[in-house]
Structures are given as C-alpha cells and as structure tokens.
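Sharing a structure below in structure tokens format, with a few things to ask.
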Amino acid sequence: MIITVEELAARIPDGAHLAIPVDFNAFFSGAAMEVTRHLVRSGRRGLRLLVMPSNGMQADILIGAGCVREIECGAMLMPELGTPPRFAEAMRSGRLSVRDSTCPVIFHGLGAAEKGVPFIPIAGVLGSDVVSRRLDWKVVANPFDAAQDILLVPAIRPDIAVFHAPLADRHGNVWIGRRREIALLAHAAQQTLVTVERIVDEDLMNTPLYEDGTLSNLYVHAVAHCPGGSWPLDAGKDAPGDKQQQRAYFEAARTASGFARWMQDAFMPGVPA
Amino acid sequence: MSARPPEGDRAETEFEGTPLDVFLLPAAIARALAGCEHVAIGSDGALHAAGALLAQALHGKPRVTILGSRQQLFFSDGGRELFEAAAQGRIDGFLLGGGQIDGQGNLNFMGRGDYPALSVRWPGNFGSPYLYSVVRRVVLVREEHSPRVMVPRVDYISAAGTGGPRTRRTGGPAALVTGRCVFRFDAERQGFALQSVHGGNALHDIRRETGFDFHCDGDVAPQTPPATQPERELLRTRVADALAPTYPGFANKLREAP
Amino acid sequence: MIITVEELAARIPDGAHLAIPVDFNAFFSGAAMEVTRHLVRSGRRGLRLLVMPSNGMQADILIGAGCVREIECGAMLMPELGTPPRFAEAMRSGRLSVRDSTCPVIFHGLGAAEKGVPFIPIAGVLGSDVVSRRLDWKVVANPFDAAQDILLVPAIRPDIAVFHAPLADRHGNVWIGRRREIALLAHAAQQTLVTVERIVDEDLMNTPLYEDGTLSNLYVHAVAHCPGGSWPLDAGKDAPGDKQQQRAYFEAARTASGFARWMQDAFMPGVPA
Amino acid sequence: MSARPPEGDRAETEFEGTPLDVFLLPAAIARALAGCEHVAIGSDGALHAAGALLAQALHGKPRVTILGSRQQLFFSDGGRELFEAAAQGRIDGFLLGGGQIDGQGNLNFMGRGDYPALSVRWPGNFGSPYLYSVVRRVVLVREEHSPRVMVPRVDYISAAGTGGPRTRRTGGPAALVTGRCVFRFDAERQGFALQSVHGGNALHDIRRETGFDFHCDGDVAPQTPPATQPERELLRTRVADALAPTYPGFANKLREAP
C-alpha cells in the first residue's frame, strides 16, 4: 500500500484516462506535482486528462511536456494570471484535443460513476453551445414531464485518479478534510493513487474527528510519502505555494523555449533537457 | 467558478473608459442584488464580493459565500456542493461577467472566433451554463463597455440568456452593470433595457459603445446614483475588513479611496 | 435559530411530508424522540413519513399514536426484535398507506432532490415486484444503450427533515460526524429542524476537524437544545440507548392497549391518556 | 440491510431440524465466499460475519465490512455509500436470507400472502432488490429448510434471482446454504443444483423439505464436509474475537462449542 513516488508514477501508463482535482483551493491544492515531475521525466505519452472540474498549472505542465493527448475540462485557468499558456498554444496548434465541458457536468458525470449508473440528468445548461458541441450528451424529453427537455450526461469513470493530500495512515486511509469532492473522484475512478505530506501510525478511520474527513482505503490503491509534493502549488497551510514560481512559469510558458527553460531551471533542475 | 474577465482581453488592450469613482460599481451591484437571500461569489471576484457585502452591510442580507475564501465558505462538501445548493434554490444571487455579452443576455467565456478554431482562447465555461439557468437573480458585471465586449451576437454561447418553451429555468439575468451604465434585463422582451448611465456618459455614448440593441424609455437616461455617504463609509470599513483576507489589494483600494 | 423543542415541534404542521433518518446506527441513532413526544402530545395528524431508508421504534410510535397517514420506507425493523408492531397492525387494518420501496431508491430519490433534478437512474432492482407496484417509478430504455432497460425514480423532496445530533453551535451549524447521509437528507428537504445534546460557543464550520463533519447552517432552519432527546434510543456513546425500554415497548405494542399503557407509563409519564 | 430471517417466522414456529454442529454453517459459508475480495455483512448477521471472517482468517481475504459495527465499518459516507460502493464493484460478496426462497432464486422479504394484503408482514425489502443485482457473488443463507421457506414461487419478489435479456446485471445468487444442505446456483439453468447435504440428511429428505425443483447429479448427494480442525480453532479464537464487539452472544457460542 505504501510505495515510493517513482513506483506510484510508474502505475500510470501511456494512454491512461487520468483524473486530477482542481489545483487551487482554500484548503489545499491537491496537486500531485511530484508525480507530474515523474511523468514528464519518464516521457509519459497519450494521457487523456480529466480535470475536476478545472485546472491550471499542473495540467499545463503535462500538456507542455507532450504527455497529454486529450483534456476534458470545465475551464482552464491559473488564478490571478490567466489561461494556462501551454494549454492555449496546444489547442491553437491542434496538437491537443479539448473536450470542453462545464464544471457541474464533470461533477455529475463522476457522480453517475459513483452510483454505477450509465448516465445522470442535470439541471440547466440547455441553450449553451456546450450542449450542441458535446455529441456524447443527450437532450431528451423528461420522462416524468413530457413538456420539458432535460440534459443527460454520461458517467465519467477515469482509469486512475491521482492527488496530493496532507495526511494518510499506514493502512492507506487518506485524510482529505473538507475537500470531499476528492472522495467523489476516488469513488468514480477505477484506481486511486495518492501522495501525502505526512504518514501517521494511528488508524485514521478510527480516530475521532479525523475519521470524519478521511477517505477509506477501500478506494485507495497506493500511497507515497512525498513531503512538499505539491510544490510550487500549496499543500495546505503548512506547505504554502510558491506564488513567485507560479508567476514565473506563467510568463516563461508563453513560448515553448521559455517553458523548456523553466522546466529545466525550476521544476526539474539537474535533469538534462 | 471564476468571475474575473477572461485574460485574453487583458492581453489585447486595457479598457480606457471614464475613470470611475471606486465606490460606484459596488453600490450599483449592491442595488442590483436587492432582495437576495444568499449570494455566492466566484473566486477572484473582489468587485462582486464588495457589492454583495455592501448589500449585506446595508440590509442585513444577503448571506454572502465567497468561494476560495476559507472564512466565508459555508460549504463543507467540496466543489460540487455549490452547484447542488444552487439547484436546490439555496443560492438566489450570483454574479457573472463574460468576454462577450450580447443583447439576448448570452455570455461567452470560451473565446473569440469560430469555435473550436478560436483566435483567442479564454479559460472556458466554468459553471456558467448551469448557474445562469438555476440562480434566480444573476447580475452581470463587466467594467469594459465597448463594442468588442457588448456584441450583437456572441461567438460562442457559454451560458444562454433565455430558454425556450421546453426549457425549465429557475434563473437568469437580472441586470448588467458596466463601466458606463446599468441595464436591467427585461424578461418579457428578452433583452436589456437601459436603467441609468454613470456620470460622463450620455445615451448616445452608450449606443455607440454597445454592439447590441437595447430598450430605453425616452431620449435621456437617468444618472446612476453615486454611492451615498453611508455606503462609502461601509465600503471603507466593514466591507474592506471582510474582503481583506481574500482580496487584500481591493480592500486597500477601498480604504484609501477619496 | 436556537429555539425550544416545543417551538421546534410546532413547526411541523398536520399533513407535513416529514423525513427522519434510520434510528439505529453505529455512531448515534439520530432519532428526535423528544420531538416525537411533542407531536404525539399535541395530536399531530396526517403526517406523510419518509424514513431514510428504514426505521423502527420512532416511526412506530408516531404510527401507533395516529399521527401518520402514509409511510415510505425501504423496510421497518426494530433491530434484534422484529417488525415494529404498530406499523404491522396499521398496515393490516388498512389505516396506514405504505409505500414500500428499497433503501437505495430512497437514497437516490433524495440524491435527485439534492441535485435539483426531477429523477435519477438507479442500477439493478429490475425484476423486483417493488418496481411493478410503484407506479411513480419508470422503466425506460437506456438512452445511451437502447438494448438495456434502466429504472428511473423520482426526486424525493420532503417538506421537513428532523433529527437529533450530538452537537451544534450557536449559528446553527450541526456536527454529524460520519453520518453523512443525514446531510443528504438536509440537502433534499425544504426545511431542517435539529435537536442536539450540546450547544457550543465555537463556530463549528471554522473549528479544525469538527468542520469536516459539520452540516452548514445553510441547510438548518432551527436547532433546539435537548439533552437526552433520543431516549430510549441512543444519542451516541455519551447517551446510550435504553435497550430494556425498547424491548418493553416491542412487547407492549403488540396490542393497542399495551401501546397506550407503555406510552403513558414510560414515554409520556404524567400526561393524561 | 438486515440479514436476519424475518421475525414473522420466529413468531410462527421455530424451525426444528437436525441439531447442527455450530461450526458447520460458518465453514460452508466461508467456502461459498471463496474468491471474494470484499464481503459486506448486513446488520444483525452474526452467522454471515462468522463465515466471512473465517474465509479471511483462512485465506487472507476477503476484506469484511460489518454494517452496524463501528470497528469494521470502512465507510465514512453514511448509509448510501454501501450501495454506491456495491454498484462500483467494490463489494463482490454479500449474504442474504429471505422469508421465502424459490427455485429461480427469487427472494421474499416482504411477507406471506397477497401483497399488499399480507397475512404476515416482514420488515420489507431493505436493499435486497439492488444488492442482489449488483454484487457479483451473493450467498443465500437460511437455516430453516422447510417447504414453507423453500417454495415453488415466492408470494412477492423482493429480489429477483435472474434478469431478462434487457436487464444489465453484474450480480446474483451464487449458492444457498441451509440447515440441511448446500445448493449452488446454476446460472445457465437459472436454478439451484444440490452440492452437498449435511450429516443426517439424505437426498429424499431434501426433496421432501424443498418446495421447488432443483438439479442433482445422480441419486446420492455428497456429504457437506465438516469444519476442519483448523477451521474450528480459528472460529473459536480469531473469528470469535473479531465478532465479540458486535455479536457477543454468537462469539460466546463459538468459544464454548465442543
């Protein structure tokens, strides 16, 4: 259950349908950046990325490094900065297939997988061009009120979910606190891989109060101990993000060469380009 | 849900309108949110938050939930709870912008050009197609009021202003607050009606800078009332204090404004 | 927000669609028995009871006292004892309309209300007589795979949910710990009323760890301080249930007169029959 | 999910079969659960739990989740998580009983008689219609093996043994363990096949006490193997210890059995 981060990254094969949570949050970013680094370093290719429900820097690095074939997203944004530059460039050049969605559809699609049903209805959204562009969604007459149309969206069942959390125990139970949408992601995915700041000896599922915010190891396939594993994004209050490097990345990644330089100098120093 | 204008626009040119009193838009937003019980603010929505918090300071409501702020976050169930609470009717006020806005109230957060071959890509839809349909009173806020934002027809409909006869909607646009004026949305006409213009703008300025048709009663539009003395005082103190943990820059701007 | 239990019970009118959680659980029963007592005492009538997803003694007392017109349930059981006697008798005599369901359909129906959609699909269940008996459910061809049928069930949106919890704060935030299905109930219901063992001064939504198991006051309309409010059922480790009275009830309630006697002697002493 | 026999039956008469070795049924259940990764036990399922925990003690799996037990409860998301985890395929073993069981594997938890005008009302369906459809290997356990339980056709189908061509099922019956014998469920024949009889029962006893037809290879059924010495030892020690917090009575019965 407890493995190294190298072993953990090796469990994500080329072409995997890989899900990651939004990497900007009031509690902790959730971004498994150390895994991202290993995926880039080992030249992972053809990933189909699902971001729940949006993402910024983490997805942009994977796209910039050529690991990603397709992305499904509610939006892509680096907060306070703008559209992630490698994403925008890859979309423009046609190298990246973008399945634009909307945030609640991603939550609902994962919710359908969580319930083991092939689709789920969702309120609203009708009239948006996202509906006419997504041929895998269906507008039907509401079976309970034929006068009304309703949007049905298919279940989203990623091969693998990966995220970084503050805390796990040796049994693989992972404390996620109030970021309960990460539990949704783990419920919907076939496999869940987690890096954590800290591993404790107590059984988190039987520790008062901690147990309330803990994802059971029923859903967790491997945990790696990886302090600082979200850098330059944050891993909660005790591991604040590096805003300066986020901004430096945003500026550098406007060009391919700037991206390559930032990756070598800041993200993977010592690794030959 | 990010509420800030798409960055693509920043990269093009900065909007150069008449410099506005910093208190005018929060006061106008607060008025547009009148009657709301619970307003949610997308992340990066300092101006929106100021408006909602001013309404709260004045009237004791709405409750204000600022996404991305730990302190004012009422949700404990992750990101999806925002969307579920909205569909339950527990959020009756929201604020949205848009890189393009048209006269039917359609919003474009996706980009400029012929999707998917966009000339400029903005962040994307976020939750707009959904929240615009289910939140009773959505106030649109876009400081740049120019023909490239206020367009005859958006290039891509992220969120539709109105629904058809087979579309159940419990929400939609209520008003559009810009750097030049305030429109209210007229649900019967399915379009905007000019409510007031900010100091320095006349009706013909609005017509020139607006790419879509809008309704106007008479030939002269009333002036947008300036923020009152109590409103200015609240914005400088209680509202700025509440904003400070999440939006320190904007809080200081309010505190230091004349 | 903080009111008396009398005031709280008075907010449940005759004919209300009233939802209660299962009253038997490893963490705490959740049964607002003091509210039950007030409803009986003030002669509430015509309640449409939804139990999430099953219930025992609490619902049986309301049925025995004539407060309930209709019940929707996945099952009715007093654990280690058997079918609740007043429920069985009322069903036999035809005085009670029973909408038999199955537990996951009740969770799914509440989940549809939580999502603001009119219906939701559910895996399995087909072939059961519960499907043919429930005319408000629909079997349709799966719009995403026409070769397969799937069951759709309507949203369940109770007027009022009522439960007993260990802890609340003065703002009306309620700590429910790992009983997260109670949050589902509150999300689905129009109004939620809660009695609690203890009220604390801290803001539970901003108290580390407590916040992970706390239902926001966004969903809570009133809280009453009511120590022992689950008796003779339990309110967690600090307020264990009275097994002897549960058994005494089960034996007494086999007859109408036995029920009346138990109510007067044990449940509402001092109240004229 | 309660797994115990409907109380209506207790109220009628107690089942009087051959007194069984207390270790026989747990051992038979453990064998029927072979290959499972994760078995969930409904509340009030001491015998089921003993069987699943014995399998775990012998083979290192399945993982066993006992609902209603704080210690062995792996769920943190309330009651609905059981059902969701089952549909996700994360529970591949479950145990069910039934006031009536018929030859197609249909189960009745509702009552005896013409629903809704039942002559005896049992607790109701619980999650059986759902879990029977989605959990790969459902082992049926019913100690009373008599014509009033093993019926030609159940009065009410709580949970259907098999689905039609338009019904997607990922689960269903695997075996039926009674006080007299073990049947395996033959998915092709859509019916039960006798696997072994417990000591003291012959094939004709089983036929007499079973209201439905079942398949049998030849004229003599093999004997159900008694619990082995290691199985008895594990049941008395590790299994009894694990059961004790939730089922102290049954744990003592195992500890004190000869």
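Every chain is named by a letter (A, B, C and D) in the order it is written, and numbering of its residues begins at 1.
Assume contacts are C-beta pairs under 8 Å (C-beta built on N, C-alpha and C of every residue); 3 or more make two chains touch, one makes a residue touch a chain.
Source: prediction; values computed, not measured.
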item	value
Distance-maximising chain from chain C - centres being C-alpha averages	B
For chain A paired with chain C, centre-to-centre distance based on mean C-alpha positions, whole Å	37
Mean-CA-position distance for chain D and chain A (Å)	41
Separation of chain A from chain B, taking each centre as the mean of its C-alpha atoms, in whole Å	29
Two or more partner chains touched - positions in chain D	70, 75-77, 87, 134
Shared interface positions of chain C, touching two or more other chains	111, 115-117, 122-123, 150, 178, 183, 211-212
Interchain contacts, given as pairs of chains that touch	A-B, A-C, A-D, B-C, C-D
Touching residues (chain side chain C, partner chain B) in the complex	113-117, 183, 187, 205-206, 211-212, 214-219
Residue numbers on chain C that touch chain A, as the complex places them	108, 111-112, 115-123, 138, 140, 142-145, 150, 152, 154, 177-178, 209-213
Complex contacts: residues of chain A adjacent to chain B	22, 24-27, 52-54, 73-77, 79-83, 87-88, 91-92, 98, 100-105, 107, 111, 122-131, 133, 141, 147-150, 178-184
Residues of chain D that touch chain A when the two form their complex	38, 63, 70-71, 74-77, 84-90, 134
Chain C-facing residues of chain D, complex	1-2, 6-8, 10-11, 43-44, 68-70, 73, 75-81, 83, 87, 109-110, 115-116, 118, 121-134, 156-160, 162-164, 166-169, 171
